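Input: structures, listed below.
One chain, chain A, links the two complexes that follow: it is found with chain B in the first and with chain C in the second.
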Partner chain A sequence: MVAEAQGATLGQLRVWIDSFHTLVAEQKAYLTELDSAIGDADHGINMSRGMNAVAAKLDVSSPSTIGELFKTVGMTLVSTVGGASGPLYGTFFLRIGTSAGDVEELDGSGLGTALQAALDGVLARGKAQVGDKTMIDALTSAVEAFRGAVQGGSSIADAASQAQDAAERGRDSTTPLTARKGRASYLGERSIGHLDPGAVSTALLFTALAKALA
Partner chain B sequence: MKKLINSPDDVVADALVGIAAAHPQLRVDHEHRIVYRGDTPRQNKVGLVSGGGSGHEPLHGGFVGAGMLDAACAGEVFTSPTPDQMQEATKVVDGGAGVLHIIKNYTGDVMNFEMAAEMAAEESGVTVETVVTNDDVAVQDSLYTAGRRGVGITVFVEKIAGAAAEQGMDLATVAALARRVNESGRSMGVALTSCTVPAAGKPTFELPEDEMEIGVGIHGEPGRHRVPLASASEIAQQLVEPILADLDFTGDTIVMLNGMGGSPLLELYLMYGEVKNLLDRAGVTVARSLVGNYITSLEMAGCSVTLLRADDELLTLWDAPVNTPGLRWGV
Partner chain C sequence: MSHSRRLAQAAVDLALEMVAGNEPPVAIAAGAGDDVIGTDATRIAEEIATVASEKGVLVLMDLGSAILSSELALELLEDPDTIVRLSSAPFFEGLQAAVVLASAGASLDEVERAAVSSLDAKSTQLRHPPPQDEPPTDGPDTGPAPEPDASADATLVNQDGLHARPAAAVVATVAGFDAQVTIANLHSGAGPVSAGSPTGLATLDARGSDPVRIEASGPDAQAAVNAVLALIANGFGEEQAAGPAVEADASSDVGTDGGSPKAAPAQTARQTQPRRSARQASAGPVGVSPGRVVGPALVLPPPATEPDPNRVLATQDRQAAADRADAAADSVGVALREQASHVAAEARDILEAIAAIAGDPALRASLRSGILDRGRTPERSVWEAIASIRAQYEAGGSRLAARVADLVAVRDRIMAQLAGQRAPGIPDQNNPYVLVATDLAPTDTAVLDPARCLAIVTREGGPTSHTAILARSLGIPAVVAAEEAGTIRNGAMLLVDGATGEVITDPSDQQRADVAAGDHAHAAPGPGATADGHRIPLLANLGSGDDLAAAHASGAEGVGLFRTEFCFLDRAEAPSVDEQVTAYRRVFDGFAGQKVVIRTLDAGADKPLPFVTASGEPNPALGVRGYRTALTHPELLDDQLNAIAQAADLASAQVWVMAPMISTIGEASAFASQCAEHGLTQVGVMIETPAAALMAKEILATVDFVSLGTNDLAQYTMAADRTLGSLALFNDPWQPSVLRLVRAVCTAGTAVGKPVGVCGEAAADPLLATVLVGLGVTSLSMTPRARSAVSNRLRTVSSIDICRSVAEAACAAATPVAARSAAAAGMPRG
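Then we have the complex of A and B:
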């Protein structure tokens, strides 16, 4: 019981960001290649530029609360990524920061609430729905799985692991879909058969979370 | 890739240095990558801010000046600028009468400008109105896509809203005029060759020597269909017909024959002759015309046609003096 009651600490959430940075750097070429098939061939380049800037910023600023950590991450992405990914990922982290506030630890339910706020923010910003072949397909599954697992009594580590699996299922579900949002939508049916690059980077985000909370 | 550049990463920054050097009447903020009109902010004049990915020059930086934009934010090539750039531009140009954001309808541009407007309202209390241009008839099924792309009409919106703001009209009036221009205009483009984004180093798409892309976007996005290369008169038909099928253009019309960046003026004038001929036959009255490179796609060969249905009010604002690097008359 004691172990299960533990939450996510500021340190662990910082590791989340660092792992996401590493994964994005490793997958930069792959993300860009996916984007060249149905977008404008810059997703890996833009995300990597943004996460490099985040890492540089965190090295000098050392946020002391979870709210401050995610506000820094979100604002840095917003001001360095551009395109659609900047506002979407920026909004995601800014909303987590606002929801968490000035604390140094979040329990499973608190992190679930923050992730839901982040999902709601991305939905409002991008106006996409599940099935439009976007990051929302991976993000919605992941957040639902995380919150469901916490409510069902899973530890925060198990919940994050289930969220990772769900994000990957959501990611894979984008292949047969026709894109209805973003630049890929101009291709219409020609977008069928390709993974959505944003859903792929979102799955990486939850791989990183599962690692950080394991 | 053969380009007049120092390094692919520095293209935008280096070009801004050149813009500042060539046009001392403008002010360039190199840190935020913003081109300002030299005398901004002007008290009680509505401020006009636009911006977008670079690679479409003279749009937008070349349309900064008296009678047009107060500021233009430059993004990376074909990538939207960021909200902090737009927010900075909004704060700087506000002369107390509010600011109009002119945005081409692309997912990234719309979201970044939306965040900028929220930030500007929260942090500096500037009133911001927004017009999103979406005139590209090549995108047919707007319900299931990101919607029609903003292309040529953006030049008309910036000119006409700019003239209205210069004459002292208030923010609501300028914004309404800008929206009316967008709603009264339609465009269609064609690519004969691809463009090459410097950071990518290779052509955005493959287009065989004997084919063309009808309905191409200004970033090399696919159009309606890829067809065998045809004569100028046939291409003109393939551009003009979908426009006339989409909106009624009987009455006074302003026509722009725009080059995509890689076609010589000789060909653009030749194409304009073909387009004018078709419009005459369709009963469209060409009241004003503009031929040249105004909204480009790097070195893409090809052109686009934009028609704007214009009443006396729009024609008067079109004719009003303008003094920018890209458009200049009446001064």
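Then we have the complex of A and C:
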């Protein structure tokens, strides 16, 4: 009997957000340290503040659809993060919410479509491209890997796990790059040799997704 | 909207003072969450709604995430029909202008325009004279320099100092601060120049170990100075020279700083080396990257022609012309950066350095003032602005002069942009070609496709030019200073030899077949020998285990020169013995059972090492280099010999050891004894100085073999700096004086029956290799790329007697050209 769920339920996606919250809290100091090398040393603090607010909000609001869940997450991040990650991660989750709509479960292809919409939203918001040493480097590989795996017939859990691997590769690819966006771009070539903090937190996002859908 | 409510409130208060009694609706969206400095899109959307009317809303924002959040806010508006305009206007000035216009009932368009142009008044009022780029040599100071808000002195720790890449890093760094930053070279007295100007920084000619002074004025002065100090202390991420990173004070109080910078140079400037003109006539083609190929010429059009100097623009046309020039320079910078993002690291650095020149404020200021003040056309003004920087580069010594091509590349690109023409450069070309040009712009060489470009021939340029450096790094054969390049027609068939400098138009079938045979031999390289079986081992020069594959592929019968510098480069201190053992073993194991001649550390001159060589020697080629560093750092040589002995014990290669740059018998015998103490059995020295060549017999009495380094032997025989492009012709191993010294060494070797090898570039020239064999050289070591051509040539020689006769003919010649002709004439046809 094939008992394995073929979709992601509202509950699982809620676990995604909770796991991301935990990971960001655990890695807060590391993210901030990375950001201090090439940015303004607030990425860990900002993300952690935003995700704490998200957790508090979800505790009291209990969204009943996937669309509502991610709109709550997105709006909370937008109004609490403070730095550029606010509008960027905020856009990411808002787009997922819009794409998903009022449903309680998404199949692999539906989640893939939502992730693609989220990626497109972040691209439009930040105007960064792959290779600019930003979260886009991790996000693009992750979304491509996820959708590719789903189209290739993988289970949603496998797809999430492949997306995690791809996000980590994308994250690692930022080390030798020169930053072209955000404050790190002031450093020009001096940004070479450092991981991009946004790419690192994005990799955490997909670690959390893989965990939630495993 | 702002990151900070206090900032936003103060700005609004000040703006509303201007329109007391008639305030337009203004709302503030500032901060994120509770008291967090940051931006919040939801708050912005809410505040927009509070002031929205049918006339629309103009959003002024500070920076960074403010922009992203404002854009997102548009999506979050309750009423999607709200008219909202996000303005790129400066936050503070823009707010003032917008409030005034809005209060007067202006339309949204008018309000926005006023906001966007609100900096004009300030810019006009404060328009600074162009940054001062001339070295302060002539004439009295025009007045006291303004006192900077922050200053610090530091010593450049990276070897190459403020060359193009670090300069670009400085420019990028100071651009992030609200401060005017200048840098002066306290060694030469050059400067101060604007730290925002890459061309200005280049004129400082600040090298490793030079002290510099950084000064800054403006709100971010101290932060900007600190950022530049950090770059310097970190050696711009490059190889470091010895010495303390940052010395002296980093004071924010100029009063403790020793007075005005402009008063100082007269006293502190040391005697600088005489400057050399870089515009000496070049004579004769010089091969700068080996390889022998045949292919059709692709002739690049010559550089831009000089625009009419007599045309003067009408006053009312000048502003538009200046804007057009600025826009053209901007587009060129953007295009170059775009191009840079698609190429490999080395090429990217070059393209980005050039892009920085296009954006150089000093260049831009002079470009604009040529148009606005003197009525030059944009083209003419570009021409003149670059010419003036070029003159400074050319007065700045050979290193800077070699970068003139950067300037020409920028100039020609801006001029093409102004004329609406395609950027100059190499057209897309699917078929293989030999690139022929007056001189290649670095932008051209950087995007060369080595798979298509068979060879490069330029009319100008020298061995240290970009063309030469990049051609070597890409493995593309190249010949520079080839006068005939000017007359080659597009599509003509060319034979190019990047080792000898030969360029033959319409080569004969025989010559083409020779080249093809060389390629063929490359596929199945046999042992080196003449046709009658006189064996000449053809060995490989290599720099590390990474070169093993190429050496094996070439059929090398061993290693004739294993350079050990790679172990020592890019480090602050010497590698450990164990580390060296590992590195050496890799090469020894790669040539198990065969000969590997390992050379002890050859630091100094063109290969300085921070922990070994002294900086600031007036003549580093004649300084403490090669074996001479063993006197100043005996422990380094001892460790190295220890490591070589250990690695040799662990491997089965026949390990021979030699020392570089020997000039006396005493040095040779001291080295031999030291090697003996480490149990090394095959010990030799390099013959690179005329002194050693003349004493070869006595030197060979103390060692087991010698190896001729023909590059340095030519340099020291001809007293001509190898690194100077203008002296390239002196550094020709075909110089009869050099050949005669080689003969003297071979005579000594033959007399005592000890091996005499050659490991300089001369061995890679097939014809010269034949001559060397005739002189009595017993093995030739070369870059693996050249081996097949040399092997092929030797095999066409029917007997060793022919080698001897061409060698005598070459030695008897009076000039290098005659020597080569004599040798060629003595060779069998085919």
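As a working rule, the second predicted complex is superposed on the first by the 209 of 214 C-alpha atoms of A that agree within 3 Å, B and C clash if a C-alpha of one lies under 4 Å from a C-alpha of the other, contacts with A are read in each partner's own complex, and residues count from 1 in each chain.
Throughout what follows, a contact is a pair of C-beta atoms (placed from the backbone, for glycine too) under 8 Å apart; a residue touches a chain by one contact, two chains touch by 3 or more.
Source: prediction; values computed, not measured.
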Exercise for the section: Answer with first, second, both or neither: which of chain B and chain C does A:A41 touch in the superposed model? Expected result: first
Practice task
Considering only the touch criterion stated at the top, classify A:G82 as touching first (chain B), second (chain C), both, or neither.
Solution key: both
Practice task
Using the superposition on chain A described above, determine whether A:A53 touches chain B (first), chain C (second), both, or neither.
Solution key: second
Exercise for the section: Examine A:Q6 and indicate which partner it touches, taking first as chain B and second as chain C; both and neither are also allowed. Expected result: neither
Problem - Partner chain(s) touched by A:G188 [first = chain B, second = chain C, both, neither] - result: both
Exercise for the section: In the overlay, answer first, second, both or neither for which of chain B and chain C A:G131 touches. Expected result: second
Problem - chain A positions touched by chain B in one structure and by chain C in the second - result: 46, 78-88, 90-91, 125-126, 182-183, 186-188, 190
Handout entry: chain C residues touching chain A - in the complex, by the definition given at the top
Key = 3, 31-33, 36-43, 64-65, 68-69, 71-72, 75-76, 165, 168-169, 172-173, 175-176, 231, 234, 237, 341, 349, 352
Exercise for the section: Please name which positions on chain A make contact with chain B in the complex. Expected result: 40-42, 45-46, 78-88, 90-91, 125-126, 178, 180-183, 185-188, 190
Handout entry: In the complex with chain A, residue positions of chain B that touch it
Key = 75-76, 78-84, 106-108, 111-112, 114-115, 139, 141, 144-146, 149, 197, 199-200, 204, 217, 219, 221-222
Fill in the blank from the handout: Touching chain C in the complex, chain A uses residues 46, 49, 53, 75, 78-88, 90-91, 94, 125-126, 131, 182-183, 186-190, 192-193
